[in-house]
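Paired with chain B in one complex and with chain C in the other, chain A is shared by the two complexes that follow.
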Partner chain A sequence: MKPTPLWPWLRGTCAMARVGVAATLSARTVLLGRALFYLLVMTVLTRFWTTVAHETSAAGITLPAGILAYVAITEWIALSVPAIHLRLEDDIRFGAVEAHLLRPIPYLLGQIGQTIGAMLVRLALLSPGLGVVLLTGESMLPPITAWLSIIALAVLGGTVHILLIALAGLSAFWVRRTVAAYLVMQKAIFLLGGLFIPVTFYPDWLARFARGSPFAASLYWPAIVVLQPDQSTVVMAFLAVFAWIVALSLLCAAIWHAGLHRLLTQGI
Partner chain B sequence: MLLYIAEIVAAIRISLADRTNFTVLFSGMVLNNGFVLLMWFMFFAGFRSVHGWQRADMALQIGILAITFGAATVFAGGYRDMAAAILRGDLDARLTQPSAVLPRLLAQESGPHGWGDILVGVLLLAFAAALRWQDLPALPFILAGSLAIFIASGVLFSSLAFWAGGARSFARDLVEFILLFGSWPGSIWSGATRLVVYTLLPAGFVVVLPVHFLRAPSLVEGGLLMAAALTYAALAWAAFTTGLRRYRGA
Partner chain C sequence: MSAITVRDLRKQFRYAKSGRGLRNLIAPQYTNIDALGGISFTIAPGERVALIGPNGAGKSTTLKILTGILLPSGGNATVLGLTPWQDRMALARRIGVVFGQRPQLWSELPVRQSFALLRRIYAQDAAPFATRLDALSERFDLAPLMAQPVNRLSLGQRMRCEVVASLLHKPDVLFLDEPTIGLDITAKTTIRDLINAQAQSDGLTVVLTSHDTRDIELVCERVIVVNAGRIVVDQATETLRRRFLARKLVTLRSAAPAITLDLPGVSARPAEPHIAMLDVDTRIARIDSVVAAALSLGGIEDITIEDPPMEEVIHEIYAAASAR
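Here is the complex of A and B:
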């Protein structure tokens, strides 16, 4: 059996990530627009949670003091993830994949690498906005040391997010448009990932399910550290994101091979 | 107009031809809406109201949004990928033809998933939105207004592709922001955020104003909705034709 050329693949993926960084940096107007929209979304969410906090809760729910800091981080990650499913859909539908098959690194790995590069630029660009939201909010912030974990978890959580969206994009091998798969994935990430509120506020059965899902690894686990910066939460968060990166990578690879087999034997 | 109808009918027939594709996309959208509804129904089980906005108002709002998005996807599905079509140079071939470019771009695709949204929207309006019989005559009016503003916004955002290379993802994001903002209780908007949802991202005109109009019909709000629909349509037309002129000259 031919050994997997891991080192050339890794180098190739890093090169693709650099391409992603350069391509994202070249679209300065769009980057600026994205930063403004992050601030806009946070303004809206601040407005929403402030309104909700003033309402009487029939179920006796008390919102955590740092809810806005939590939401600022989940939105920071969610808005930094590029739409990899569109690229996959285009390349699969229009037959561009075939040309990539001759290249030394697998097409999917290259696309994921490029998307991670683009995500890193967006995370960096939106971070001043995150800083503004956190500093102007009334939330108690965790110690500086916790922020290193939060930043690392945001990058890893964003990678989980990219893999989830890539799964939706790979549905292009079987359906013409990936929009339905993408929207289902997006809403699952919003709901089960705890985009607007920590999943622990859900009914017990749903909270347990959500915490163990890849969607929580994408948003909840990186962001919950801002509310609970204790060691056990940080360790749990890293374990969750690493485990899901491995599991989703394997799943993406399996679906890619199944799709490619279909493409090469039957066409689209 | 006849050409548009002929093209969109053909696009719809193509979208329905592959049954598996249709079934997957249709049920996917129903599931997608199910997630949104589950989220809000859980929310309103805890917080009974948000600034006076209750579960029935939310159901009405999401119902209008689902029908609007679904109808736009089915009957003018080309708006979603218009920025990509511009950036790919798809307009070159269309420019050699005698008919108007914009209607043909809008009619070039019909998304089968839109039917799933329409179904969910109709069910919500019928069973969860607390509508009365006397509200029914106003429904076509507000849905037409909402649809016109939504499609016009999509065209407006996609027209950015005439000027900015990275506009594809951004234009889609802006449309999704309308959907996202349209999915939050309409009562939370005030001050600067109210200005945004009634200008740049017109979720206010697409869903909030229609909800207000259905709950308490007034000539002022009806006139406002109609004026907004005409204004956004004019802006979209102006942005597209200006961009097309630039594209021709490039």
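Here is the complex of A and C:
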């Protein structure tokens, strides 16, 4: 087996991440719209939870302050993840992937790098909105010491989210239109990832299943650290996201190779 | 050592036949299409070769196999000593590829930024890269375009940028798939001149596919004609013209509104008043005899003698290949 040129690939992937950063920054109107949408979503959810939350706590979480802090983080991550599946679908369906195959870095690694670059820009630009929600709303403010972990987990959780959507995009080798696979993945992320409420509110059996799934690694685990910034939860969160990044990366690589073989054998 | 070696290259595509019913869904029937039926050729370093043929002949299939983005069904090929489909990424560092119909630059980014990213992707050192970029930018007149997003450029401007992008990492071989498609005459001429000049200064090996015979005439010194997956002709451009067409085109301009020249081996093409265009079969009629006969009519103001357009040469080759 030939040794892989890791360092050039890493440099190339970082270069693609810069593409993502530059391309995202060039669409200022879209970024502004996304920031305003985030504030709108949080305004609605704040109103919802302050209205319906008659209890002061549930499942160990203070209401509505804890829930709002949690949702502020999950929405921050979810709205920061670009639609990599659309780019994969377009490139595979219309043959643009061929041009990318002629570059000396792996296509999928480059696309994920580019998407992570775009995600970092969005996370940064939505963070003022996150600050506004946490400081001025009804939500609780996480302790300062937890913030480094929260930010790192948001980036890693967003990466898990990207890999999950990339799986939907790679289905384009076989089904051409990825919208169905994407919608299934999106709903699984929202539901089993605990977008609107922590999975701790679910029935025990579902909560256990969700916590062990990759969907929770994208949203639940980064956000729960806001409510439970103790060391064991932080360690568990990092372990969960790292494990799923590795597992999903291997799965994406395997599906990509199967699709690539089909492409190289049969052409576009 | 040759730059490109192809030995008995074959490619067969397999498609599921469309059909109705559950039976077709469970056990679809397949049909095989032979895109390449065993082609062989060698290209020396620095050679500029046109790979031409009618639609579906196998040109793009050959190009894709040589660049490593398609697996052959049989035979072998090497480009710069590497097997393209096995060493695709290593080969990518040493070849440049331009697809006329598929953009490779990032459409939303300014041209300069796209080039800067290519430097990192190809792991080029900053100083020599900057020098090369300046030289190419000057030759291809890209200075006014550098700050513009690629998606704001005209097609001709974009193609100039695409060609420069393919040359920035100093490739040894340049593959061009229909590089002038969709361009106006001025833009085509510009691209051809620039490719020629760059190929000569860098000693580039060039492989070009095109339906435009002027691309072949003005850029390439050798032509490989592919038809139905097989090579029908592989010759120098000039030899091809002389071998396949024992004809000359004689254009006469006269004071008289019409010229009639009735000679064996000479036929008149439709032309405007005061202009006569004569097709001369040089196997039957000698050119000096035809010119002498025209001059004897009197009133001839201008005579032009030229080879027939390459388009007619190619047309004749296709016709001969189809008749076999």
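The definition used in the following text is that the second predicted complex is superposed on the first by the 251 of 268 C-alpha atoms of A that agree within 3 Å, B and C clash if a C-alpha of one lies under 4 Å from a C-alpha of the other, contacts with A are read in each partner's own complex, and residues count from 1 in each chain.
Basically, contacts are C-beta pairs under 8 Å (C-beta built on N, C-alpha and C of every residue); 3 or more make two chains touch, one makes a residue touch a chain.
Worth saying up front: this structure is predicted, and the values here are computed from it rather than measured.
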{"item": "Partners on chain A (chain B, chain C) - clash or fit", "value": "fit"}
{"item": "Chain touching more of chain A, residue-wise (chain B, chain C)", "value": "B"}
{"item": "Touched partner set for A:29, first chain B, second chain C, both or neither", "value": "first"}
{"item": "Vertex chain A angle, Cα centres of chain C and chain B, expressed to the nearest 10 degrees", "value": "80"}
{"item": "Partner chain(s) touched by A:131 [first = chain B, second = chain C, both, neither]", "value": "neither"}
{"item": "Shortest CA-CA distance between chain B and chain C [superposed frame, angstrom]", "value": "7"}
{"item": "Shared chain A surface residues [contacts with chain B and with chain C]", "value": "26-27"}
{"item": "Contacting residues of chain A [partner chain C, same complex]", "value": "5, 8, 11-12, 14-16, 18-19, 22-23, 26-27, 95-96, 98-99, 101-106, 110, 263-267"}
{"item": "Residues of chain A touching chain B in the complex", "value": "26-27, 29-30, 33-34, 37, 40-41, 43-44, 47-48, 51-52, 55-59, 61, 82-83, 86, 90, 171, 174-177, 179-181, 183-184, 186-188, 190-191, 196, 202-203, 206"}
{"item": "In the complex, chain B residues that touch chain A", "value": "18, 20-21, 24-26, 28-29, 31-32, 35-36, 38-39, 42, 45-51, 80, 84, 111-113, 116, 164-170, 172-173, 177, 181, 184-185, 187-190, 192-193, 196"}
{"item": "Chain A contact footprint on chain C (complex, rising order)", "value": "13-14, 61, 64, 67-71, 85, 88-90, 92-93, 95, 97, 99, 102-104, 106, 108-109, 113, 117, 120-123, 149"}
